[in-house]
Amino acid sequence: MDNAWAVVGIFMIVAIVLPVAALIMARLLGPKKPSPIKQQTYECGVETVGESWVQFKAQYYVYALAFVVFEVEVVFLFPWARAYGQLPFFATLEGALFILILAVGLLYVWRKGALEWQ
Amino acid sequence: MVNLGDFFYTLGMWLQGLLMRAGLSESAARGVFSALVAALLPLLALLTAVPLIWLERKWIARLQDRMGPNRVGPFGLFQVFADMIKIFTKEDITPLGADRIVFALAPVLAVAGVVGLWAVIPFAANAFGVDLNVGVLYLVAVGTLSTLAIMLAGWSANNKYALLGAYRTVAQMISYEVPLVLSLLVPVLLSGSLGLNGIVAAQREVWFVFSAPLAALLFLISSQAEVSRAPFDLLEAESEIVAGFNIEYSGMKFGFFFVGEFLHSFTMGLLGATLFLGGWTGPGVDAYPALGAVYLILKGTFVYFIFVWARATFPRIRIDQMLDFNWKLLTPLGLFLIPLLAVVNRGLSESSLWLRNAALLGANVFLAALVLIILGTRGRSARMRAASAAGPAASRR
Amino acid sequence: MTIPQVIFVVIAAVVLVSAVRVVASRNIVHAALWLILSLFGVAALFAVLEAGFMAVVQVVIYVGAIATLIIFAIMLTRREMREGGLQTHRWWPLPALLAMALFAGLAWLLGSLPGTGATPPALAGDDSVLLLGQALLSPEHYVLPFEVASVLLLAALVGAIVIAGDSRK
Amino acid sequence: MVPLSWYLIVAAALFCLGLYGVLARRNSVAILMGIELMLNAVNLNLVAFWRYLEPARMSGQVFAVMVFAVAAAEAAVGLALIISLYRLRRTVVADEADLLRG
């Protein structure tokens, strides 16, 4: 298979194997003296209070949401950016319209106040 | 055919010839050779971190009027090796209640997500891991691994501060990914190619930093935030809070997050040089293609120095400022920049190179001026509102 | 088996085994992590199919965006569904039977179809991203879906912000 | 080379696993994950058919890209609904979501 992705595959496998090998080496070289105190969850010197699954703010979800939508739209723009040079001028305007619709979404989220950090 | 100027190509041909003499067919020899490159390039990338850490520590020290490491070896050159020996012989502590496999996987992914970027960087005309026809999107895809690593690190440690730190870091990284990807789109727009080799080839006459300086600025700021270094390091600020998502990590695993951050910053420098500063192009590169690697590393180190300089200079910003800066300035700027540049570039595609690039630069300057005027008036009205609100209160007192 | 077939079988095994873990894990976070691995495997299959654009987009959208969203949603709604507890309905064998029957039917159908064992024709010499862009932009092809996708995502953004933000008031 | 039918079998298996997840799981986030698996099976089929039958025409890839957009939109709105439901009812179990029952 003469596929450039085979090289990428080998590359990624090596990029994962190398740090794993270093971790194993560090494990072999380092001391191992586990104790309950040492393995306790760190909490600024005091005993751990409560469970670790704290409820977190819904605010983060809004940013994740905006990110997802923008990411997907930008992915659509890459084929446009690749091809618009070989197409009539109208195609450029199609891409511009696409981005303007995207900008309306951002404007809405902004006006709605969802981007304010509370 | 011995041409030392084309060092990488000659070396590759020599190796392939050696393999063919050993009895392999030509395509098999080429396959083995590219597999070899794919296996050695990650190692090279990881080893780059060693001089990098020394360089950055020296730079930061000089910018802060200190000496930096100077005890171990000449100019403290062996300090990094001493640190490596130390970190290799440290105890590997996994906190109770942690998800052991995920806990160990997170630092590995953090490094792999940076090293993976090196697969598509063209170091010289004939020296690159692989020339994907979707190279720029590949960079975005590999970059998601680092985000994933931080999420896994925060979740698996079974510590509420790690989890909180991870949410915040991930919120920052995904927010700044939007202007980063928008800025990556600009070289694609101007060159009409998604592969990094094509983007470099399109910059032979004019570097994209001159035709689209705003995009280069967007790239610079958002990649600094993506790597979460100062002034965007508020989520793991060593001097203020205990740590962020990596609070429970120690020894080699912590070292990987650390190395990953340094390497990510430098890799972003290389990418900035490739996308906006012409990559390996430079005088004499046609006669001696191997010179391209020198040019790329010099340019990449220059961009990296800007990152370090910013790190040493700017004060840390608050989380609300950071998110506002992204969603209310950088992202809208990118959204307006792209259609503007596309229309100018396509509209003038028949005219001369210099006219087109001058028009692109003019469009950038126009947009930058517009943004500065809007920011100026908004800032003035905010100050006046603040002054009028403070006025009655002051007179009452 | 030839080398491409071995590679295919390994990737397909990763995809299917992690998909089983997605639907069978008791810990919902683990299910999400297995989902990410499964989606990575599908991206690798796209790469084997020489659809490089689809492979990177799969990683960017699914692993980068949707998986992040899912993990955030799990963190926001954790509490009782964390681990242990009953993750499936009491009548779970019924959907299992249904799924197996569907798979058996599909496998029988695929086995009886003619011409599905063909080797792929050579790719057109052109860059497939260029072809994709041209298909997405030319008015006689898919320009309308292209613009509608933008509107769809706008609607999703507005709708999701309204839904997720309403109870704060 | 790998025959087309192998891809179709893998996609069919993935689709059935997703279907099982959708029907059998109680947690609505897990149900959503099942839907994502099913959509991926569809995309695998689309790209495999593009590669083996019509590599010169991009219809298969265009459809798959549209599926990506729909999947992202569905995940965004679906998860927002789940979060909203959780705020109202403190549950993410799909059977207990009976707000329309009055």
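For the reader, a short list of remarks on this structure follows.
The letters A, B, C and D name the chains in turn, as written, and every chain counts its residues from 1.
In this section, contacts are C-beta pairs under 8 Å (C-beta built on N, C-alpha and C of every residue); 3 or more make two chains touch, one makes a residue touch a chain.
Computed from a predicted model, the values in this text were never measured in an experiment.
Compared on C-beta pairs in contact, B-C and C-D come out with C-D as the pair having more. The chain with its Cα centroid farthest from the Cα centroid of chain B is D.
Closest to the protein's overall CA centre, chain by chain, comes A.
Chain B and chain C have CA centres that are 29 Å apart. Put simply, the C-alpha centre of chain C and that of chain D have 6 angstrom between them. Taking each chain's centre as the mean of its C-alpha atoms, chain A lies 14 Å from chain B. One finds 21 Å separating the Cα centroids of chain A and chain D.
Multi-chain contact residues of chain D, defined as those touching 2 or more other chains: 65, 68-69, 72-73, 75-76, 79-80, 83. The residues of chain A that reach two or more other chains are 4-5, 8, 53, 56, 58, 60-61, 64-69, 71-72, 75-76, 78, 81-82, 84, 86, 95, 102, 109, listed in rising order.
Chain B has residues 132, 134, 137-138, 163, 167, 170, 174, 177, 194 in contact with two or more other chains. Pairwise, the chains that make contact are A-B, A-C, A-D, B-C, C-D.
Within the complex formed with chain C, the residues of chain A that make contact are 1, 3-5, 8-9, 53, 55-56, 58, 60-62, 64-69, 71-73, 75-76, 78-84, 86-87, 90-91, 94-95, 97-98, 101-102, 104-105, 108-109, 112, 114. Within the complex, the chain B residues that touch chain C are 102, 132-134, 137-138, 140-141, 143-144, 147-148, 151-152, 155, 163, 167, 170, 174, 177, 194.
Chain A meets chain B in the complex at residues 2, 4-8, 10-12, 14-16, 18-20, 22-23, 25-27, 29-34, 36, 38-44, 50-54, 56, 60, 63-64, 66-67, 70-71, 74-75, 77-78, 81-82, 84-86, 89, 92-93, 95-96, 99-100, 102-103, 106, 109-110, 115-117. On chain D, the positions that touch chain A within their shared complex are 65, 68-69, 72-73, 75-76, 79-80, 83.
For chain A in complex with chain D, the residues that touch the partner chain are 58, 61, 65, 68-69, 71-72, 75-76.
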